[in-house]
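I've put the structures underneath this note.
One chain, chain A, links the two complexes that follow: it is found with chain B in the first and with chain C in the second.
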Partner chain A sequence: MSPAWSARRRRPVRGGTSTVRRIGVVLIVLWSVIPIYWALKMSFQTEGDARAIPAQFFPIRPTLQNYARLLGSGSDVSGGIRQSTINIVIECALATIITILLATIAAYAFSRLHFKGKNIFFYAVLATMAFPPYTTLIPLYRIMSGFGLVNTYTGIVLVYVSGFLPLATWIMHNYFQSLPDGIEEAGLVDGARRLQVLWHLLLPLARPGIISTALITFLFAWGQFLFPLVLSSDLSTQPLTVVIAALQGRHDVPSTLMSAAGVLAIIIPALIALIFNRYIVNGLLTGSTR
Partner chain B sequence: MWGNGERSVKRGWRAASAALMAGLLVAAAGCSGGGQPSGGSTEVSGATITVALGAPPPAAALKDFTAQTGIKVKWVNLDWDSLQTKISAAATAKTYFADATDVDWSRVGQLGKLGWFYPMDSYLDTKSMAADMPQLASFTTGGHVVGIPYDASFMVTTVNTKLLKQAGVSGTPKTIDEYTADLQKVKSSGTVKYPLNIPFSAAEGLSTYWYETTGAFGGTVLDKQQKPAFTSPDSAGYKAAQWMVNALKTGLVPPGNINVADSQGQQTLMAKGQVASTFSDYSGNVGTLYNIKSSSSVVGDTQYIPTPGANGPAGNLSNPDGIGIPKQAKYPKAAAEFIKWFTSAQKQADFTGLNGTDKVYSGFTIPSRLSVVQQMTAKGNLDGGEELQAMLKTAQPVFPGGAPSWYPKFSNSVYTNLHAAATGSITVDAAMKAIADTANQAASGS
Partner chain C sequence: MTFSRGVESSSQAVGQPGAAPSGGVTTVVVRRGRRRFEVLPYALVAPVMIFIIALALVPAVFTIVESFFTVNPLDPPTRFSGLANFVHIAHDKAVISSIGNTAFYMVVGVLLSTAMALAIAVVLQRPFRGRSLVIAVLILPWALPGVVEGILWTGIFDPNAGLINSLLTTLHLGGTGVLLGQSRLLTITLIELVQVWQITPLSVLLILATLQLIPDELYEAAEIDGCSPWRSFLAITFPLARPGIAVCMVQAVIATINIFDQPYILNGAADTGASLTMQTYFISFQNLDFGQGYALSLLITAVTLVISLGVVRAIYRKVEL
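Take a look at the complex of A and B:
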């Protein structure tokens, strides 16, 4: 780090700017947190209290009845919640593992190998991210149906992989690009083969990039609704997102029950985001400061 | 069936370019031939059918059905909106997803034109059912019935009698003018600040509210040829829109309703005694929402009234759900057996609790069969049964020429423009013109 840059970083922020920044941060945090707080609050209320006028900002008579209905044995919805939680974990985990495997190999090829049309292929990968996902829904549905993959983990996972692979490849590509060429060249000079260089030298160094790509992929997969809705037919494959929506009737929206289900659904992604926050930010910013 | 499509997909895999996979899949699907309905199996006993609707009926009822017919039922539980998405996706992709599923009244024209559902008259004697199922007309397109109604949803006017009495309003309003005057009295007396609930959020509930209000003003939004009938200021549709927007502007409707959807207004305003009336309410709400202690503070205070009309009580418009058989069904005949059983008078009586609480199908409110509604009313099992029975008998389809195939586009234009008129960003006149333009363009296929 040059002295000039170091000095620039240490320069104190002027009072006015600092206050504006703090207000901005507070507003952004409130904007993000209030809906989650509201869902959490409603999850501990009865329907009557949740719809009380004036609105209750805290659960005045807190109840666990919604959680009991969602998690208690023998309730009408607990079986569906349990099975769909298992489904979503399996689908997201498989999609993440396969995406990471393919993205790592593809990113390595795009960043390190020289072959004809490399840039065309690479930009074609990036271009697929510009397609609105919905445009591929019907074709993918037909294909999965034709192969007998509707209502299977394989079908849902394959669609997730096809959707997330471009972004994962791009992030991993940026990560490989940030690693010095010298390491790889040294390995090759010492007689290692390409795959050995990748496995023993680059992958250990790229571990933070792999972790961040895996986390981003997992979180994206967790939030999916439309594709699994169309590609799953029953509880054997329906993820939690689809089953939560099914809690509502046409003329009846059990808002407190759905809030409680929403709170349960965000526990895993929230924990991941909180614990691995550093990796996620790192993955998204890799390559941006070179 | 897959022809070129399958080959294209295989080429995609051989290319081993994961990045291009999605693009190839799209191309493959584009090339593949459209799957025609196979006609399905005629197997009945021994077949396992998939039924995609809301929450399932009691397991014992389905077991009984299997014992009677030999048909096993696999139930897929989806919320209404998700189900419509799934039906559209499956129908567009010409792919099997269920043997029997929901047919919404508003999509009958679209479904009929695109041939997504089997004509039910091929499987059931729909003519003999018509007398006991007044809403069967809402499922008729091109001379064929594409769905059998199982839920007698229609639009009704509900009032909070306690609030009206507090404001000194006596008697039931018979005309729109009387109704409006009563609401103004409630407001001026200070009983409630905003007496009328109109859900002005840009959503389907606003469209249906306008249809019902148009009916009350003595007309329909589309004529028999499905042409717009609301562009003239003298037309019922125009007057209805003007009345709704004026109600907001003159303070009869809470200003916040600009972002309130139908069910939200019913649950948070009507059920909480914040407003005195909803002109176009859901026909089951008195029994399933307003008289339920855990979610309402107006238990025993609300009732249905005959819809106030231009010159006297007007009719009610139907918005029921039916059940039909998609063209891709594997076991259409077995599905028809299920529908016959599911919509039979005996089963509807069971589901509504007439034959014991253990047979109740939760979420099943008003049966589509008039005879069962009459039984429920006679036994005191239906709040407001007398009124509902009379309304159901005469409930009319929203569109006299049947729901148009371009209904989703039309409804979108209706709620978007009425919402804009309510916010004041356009005039009612401009809203009517914009909606009419959408209808004319959609009808001409442009």
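Take a look at the complex of A and C:
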């Protein structure tokens, strides 16, 4: 599925790229990248250079001292940064894998099989998408604490998966529905079982949808803050977002160091967004057609 | 698993009256014409349903029921207390002030992000070289964690090292002084600007998708009739983009009423910017008064749903092209 606007080429109606449009495009790009550029710039400066007057709009004397303090061995903050990076990668990866697996098989059943009660089940899944994100924050905390799962990977991943499943199921459902009807019949005539049809015929066709859904789920998981803030109480499970936010309040942490920490936390999501933007845009649009 | 029609038709043949119960001979198995009960679909949806029921629907019921109970580990046992939680939060000064803040976040955020998204979508409406690259850069803010965006923008607003201050001093317009935490209006506007940065990209995509469906002929006809670009925006683009605008406003309403990361990072617990979700967090996880936390999150949910529905009714129009 290619985005609607690249599928259909149109001839330009009014004078192609007008000056107004060019200015608009420049403003869009500036608006999107300036905060990132400024943090990147500050992260390569000393606090003194960052505050210098006249102001420096480029790192004139670039330094790696902020990154050294964040990552180097034996510094006051590097232990937390390292462990929380491991945590966030594990939590995001597990949540994404489980979400994709469960959402795909359920979406297959919802979109291509017939069974009693299907609509009720499906609406129940979709209805939870209407909840604002933090409606269930307190009860989820109390349930997890009741099962002794606070401050465990299991607890955090379970909550993430429950939060991401509805959207993932919905995107995959729409994706499966967009595949032609004849596929299963062809497979079933050959005597294949339904699961074999799913595995050998539908999954390869649905691969772009699966990639989109996986990327979106991963980015959502990476961006979580309030849920892990509540569900993890120490460094054994706290993700990078929580640990970095805690640095913000410390008086011995200068603004250039915070910028470097911010840059570290956005490298992976920014690369994913830039490299795979086509998949992400398609996935978001598949998920929003109602 | 029902296989093909062949099986069913033969089962009907076997199931003819008279051929059915035949004494003690058990060689003939009577099959009913009905489809067999299939286990597979239920097995496939079961994991998702278990997750949804256990970790979304049950917690939602919890929230509704326990908002009428005193639930506080420091004040056991859990007991029914009627509307006490709601009465209490209605008299809580911090909650009342955060209602004002949140309303302001919502109004600023929804209007600003929708207006900007519409403008950006119009700029991107027609294909040009490098458009997919612009879209790739555009969705960048959507993909980043809200907390970290708060940190990035701290660098913009910083009274010393910040970009705004640097620009002002370079242009000899004086410095900014402290931007956040002084005036409530300015603080909330700047914090909401950070959230607008995050939520606008998705709004652009939603509106852009509807703009792509508008046929060029409409614009050509408008131009022949002597319509200015602004006139054809009002007469063609805006009305036909309404479904996309409605969806993008709803996602903005949900995001802004539930704002947490940006004010938490940029302004801490200060009254000048604390949102309702932040109060829910403080009440539940610092005061450990879960009952009041339930009541507050129930109210937030109800308000979010009511306003979302209102927006849909006001903005959404079915478009047929």
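Keep in mind that, in the parts below, the second predicted complex is superposed on the first by the 259 of 290 C-alpha atoms of A that agree within 3 Å, B and C clash if a C-alpha of one lies under 4 Å from a C-alpha of the other, contacts with A are read in each partner's own complex, and residues count from 1 in each chain.
Please note the rule applied: a residue touches a chain if its C-beta (ideal position, glycine included) is under 8 Å from a C-beta of that chain, and two chains touch if they have at least 3 such contacts.
As the structure is a prediction and not an experimental result, all values here were calculated from the model.
Clashing of chain B with chain C is the outcome of superposition onto chain A. Comparing chain B with chain C, more residues of chain A are touched by C.
Once the two complexes are overlaid on the shared chain, A:Val25 sits against chain C while remaining clear of chain B.
Look at A:Ala186: by the touch rule set out above, it reaches neither chain B nor chain C. Once chain A of one complex is fitted onto chain A of the other, the partner contacts of A:Arg194 are limited to chain C, with no touch recorded for chain B. By the touch criterion stated above, A:Asp234 is placed in contact with chain B alone, chain C being left untouched.
Of the two partner chains placed by the overlay, only chain C lies in contact with A:Leu219; chain B stays clear of it. Look at A:Phe121: by the touch rule set out above, it reaches both chain B and chain C.
Using the contact criterion defined above for the overlaid structures, shared-chain residue A:Gln248 touches chain B and also reaches chain C.
After overlaying the two complexes on the shared chain, residue contacts for A:Leu137 are found with chain B and with chain C alike.
Contacts of A:Thr46 after superposition: chain B is touched, whereas chain C is not reached. Superposing on chain A, the segment of chain C with clashing C-alpha atoms against chain B, chosen from 94-102, 112-120 or 238-246, turns out to be 94-102. Overlap of the chain B and chain C contact sets on chain A: residues 47, 51, 53, 102-103, 106, 121, 124-125, 128, 131, 135-143, 161-163, 165-166, 169, 226, 229-230, 245, 248-249.
Residues of chain A that touch chain C in their complex: 4-6, 8-14, 16-17, 21, 24-25, 28-29, 31-36, 38-39, 42, 47, 50-51, 53-57, 102-103, 105-106, 108-110, 113-115, 118, 121, 124-125, 128, 130-143, 158-159, 161-163, 165-166, 169, 188-189, 193-195, 219, 222-226, 229-230, 241, 244-245, 248-249, 255-256, 258-259, 261-262, 265-266, 269-270, 272-274, 277-278, 280-281, 284-285, 288, 290.
For chain B in complex with chain A, the residues that touch the partner chain are 1-2, 5-6, 9, 17-23, 25-26, 28-30, 32, 35, 50, 52, 54-55, 74, 76-82, 85-86, 89-90, 92-98, 151, 153, 263, 267-268, 271-272, 274, 282, 284-285, 288-289, 293-297, 321, 363, 365.
Looking at the complex, you find that chain A touches chain B at residues 46-48, 51-53, 80, 102-103, 106, 121-122, 124-125, 128, 131, 135-143, 145-146, 150, 161-163, 165-166, 169, 226, 229-230, 233-234, 242, 245-253.
On the side of chain C, the complex with chain A involves touching residues 1, 3-4, 38, 40-42, 44-45, 47-49, 51-60, 62-63, 66, 119-120, 123-124, 126-128, 131-132, 134-149, 151-156, 158, 160-161, 163, 165-167, 169-170, 197, 201-202, 205-206, 208-209, 212-213, 216, 219-220, 223, 229, 247, 254, 257-258, 260-261, 264-265, 268, 277, 280-281, 284-285, 290, 293-294, 297-298, 300-301, 304-305, 308.
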